[in-house]
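Listed next: structures, encoded as structure tokens.
Two complexes, one shared chain (subunit A), two partners (subunit B, subunit C).
Here is the complex of A and B:
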């Protein structure tokens, strides 16, 4: 466990040096937030509250989901390159597990990405729609939920990335995965806006535990729902971790090492 | 005469790129079909949204679908015919322009057509399918014309951002974020933008002319807006060509020897 923490720490310090990359990424998110402020202003059109959300809550919700989802690292591209290029074999004899190594790297990258995007976005959202009634005591619980959301997202992405053992390009699978997060994951709009039947289905799928629930907890903390969300997140992490390790197990058996 | 030669050149390269796509058939089918599915998911999102809010500042669901006809078709067409449009800044920064400069063909068109994006086929096909579903037959000609103009705007904007690499060392990140930013704004209802935001989207960031104005023209044609759109396209292309051609004169070779097989 300690070695993965050290890998994460080293990568964290390394990523900090590439602050510009995070900054540019965050600028793009500001643009999306700006678009949605305009869309929501048109949609609210005089209404104070829609499905329990004021316009300010709706924008803080969006900032939160965007900060989680767009903090994603380039793990798919890296894994794709390592498998296709054969560099993965150099990692087989290292004293760490390939998947957990990437998890450490991804989490350190995403921690910076989340903080930069959220901080920059918070200024914009505050200026455009103001604040909301935030429960300060919820901060420790929110941090746990964010961490679990990032781990869950990682294992789902890793399960896709490892398909590179069989497919030439897994990036296209990623587009569709992302769109699931955007839509039924509740990244762009909360599930309350969905028709009831779709909201019920989306509410138990893993995507909503990456985006919707963490952001919902942030804007409208509910201690009764907290435990349920954490249990679901841990359950899904377990399922997708098993899936990723299984795919890796079978995929790595296809490797041919020809010396060199 | 020169234009005719360039169009012929684009066509010949298109055929070569298509042959290449067929050689990598699995990759081509995967990327294009997944982009098509990706586009479907977007439409599902808007179905949900418009189900809750049927009118967003005069725009209805059907208007948004027409917007997708324009944006997906033009984005798809740009990617299919001029697939290297996202890589201009990188090519200049890495000194890889030598390859194009050393050949007798005009370097900008050669650079643009030398690659075709497989995923763009998915966008183009999706745009066509949406047109068949949502666009009345008598508006097809106008829509095709608007898609061509919109494609030219996307292309000119990409050349401008990519050409900045000649002047500031590297515009890779600016070009990437700028092009994706314009695409993003152009993929949302233009009707929600007012005042200064609308002005910026019709000048500095041409997202309004890429999709919003074409949708308005299809909803209700206006010669004034149509001519303004053409004028804007011409201005954008003049800026793009001046920036690129002047940039080539400042370009310093990367001394790279590239062999393309």
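Here is the complex of A and C:
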């Protein structure tokens, strides 16, 4: 495991050189947040609470989901390029697993992306709607849930990315995946606002364990629900890790790199 | 008899490629009924490489050398045939084999561009699960050998190409590989840097008995480093042997560079071609299968007052180019 930690570390050091990229990406997200704050302010007109969320909780929720989802790295693009263009060769001649190498890369990228977006967004949200009753003791649990959410998201994305062994471009699959995260994953609005039946279904699908549950835990920490969320996250990570490794196992056998 | 570290037997790789006709209709057709064609990239090749050998493995673009190397490093699965590299079947034990091999791709750096080379070295020490004490010793040795002490803490982007290549080589040697795959190790370097890299590769080969498989389009790399050359073309091995023998086998032509006291007025002999001439000098190509070189020189000396004469072989790149052209 040490080598994957070191791969993550060197990527982290390297990504710091691209801090400007993270900064400008976060600036754009601030603009989106600004628009959403105003929309929600209109929706909250005359109401203190909607489905258990005050406006402050709603905005911090939104900041949290945005910070997770938009911190996404370019795994699909990289894997696509490596498989289709043949650069995978330069990964496969080292004694590490291709998928775990990308996991280390993605997590270091997303750690920076999340922290930058969340920190900058927190200032804006604080100024516009103020704080909420945050449980400081929940921080370690929240960190674990974020880490699991990012790992789960990675394995789902990687399962799509590795389809590049069969398909020329997997970006369209990614597009659909993103839309699931935005909607039934709870990125744009909490699942409580959905009709009951849709909320129930979305609540057990893997997408909500990437965006909705971590954000909900952040704004409304609940020890009883914490364990359930972690169990679901680990379960889904297991399922999608097995899926990704299986796709890789079969895909790598049909690797078609000509030339040279 | 020395043991083989690489053994390849009847190795074959067939790629399936999709063919598409031009235009919109072509695209529709390729979706409904894709035209899949087979391309034989490597066609039944066999060879053995002994421990400590430096072998040039060359061929024109698309000849199959890169595909062969990818199979030997376990990256590609062959369609049929066998290979044993350092006692392992590469495609079954890719990760295990990776501990025993090093590779340098001149066109694909493995160093982190924005970070000092030492960061990459440290990372590789973990990737290869090296004992940290042994790694430090190894690193010190290589840093001394490659004279890198002053630059390992400088971000790679600020290094010259030659310095970068030295660091690339050091990165590939940290795990004490038994086999080194060198793909265009001197590409883009100036003459001095090329010479230095070649010297270091040679020194390493002699000191550590590391087996080297070199692919390069630079014939100087091949001539200076390798005794043996394997030439692959259209997926088949067309030559496997000493470079000297390659000269004897394919060098039917010699070049006579000659200077005269009198103006040069040509020479009319079967098998002799004037490549270039000036008033008092000429370069003459002699086909030794048609006429002995001695006969040509005798004839020139008889006809002219010769000031100076040099006989040379056709440059190796021309020999190789001629082999590449053969179907």
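Simple rule for what comes next: the second predicted complex is superposed on the first by the 255 of 260 C-alpha atoms of A that agree within 3 Å, B and C clash if a C-alpha of one lies under 4 Å from a C-alpha of the other, contacts with A are read in each partner's own complex, and residues count from 1 in each chain.
We adopt the following convention: a contact is a pair of C-beta atoms (placed from the backbone, for glycine too) under 8 Å apart; a residue touches a chain by one contact, two chains touch by 3 or more.
The model shown is predicted, which means the values in this text are computed figures rather than measured ones.
By the document's definition of touching, of the two partners only subunit C reaches A:14; subunit B does not. In the superposed pair of complexes, A:225 makes contact with neither subunit B nor subunit C.
Interface of subunit B with subunit A (complex): residues 24, 26-27, 30-31, 34-35, 37-38, 41-42, 44-45, 48-49, 51-53, 56-57, 119, 173, 177, 180-181, 184-185, 188-189, 191-194, 197.
Residues of subunit A that touch subunit B in their complex: 20-21, 24, 27-28, 31-32, 34-35, 38-39, 41-43, 167-169, 172-173, 175-176, 179-180, 182-183, 188-189, 193-195, 198.
For subunit C in complex with subunit A, the residues that touch the partner chain are 15-17, 39, 41, 61-62, 65-67, 69-70, 73-77, 94-96, 98-99, 101, 103, 105, 108, 110, 112-115, 119-120, 122-123, 126-129, 181, 215.
Listed in rising order, the residues of subunit A touching subunit C in the complex are 2-3, 6-7, 9-10, 13-14, 17, 87-90, 92-97, 253, 255-260.
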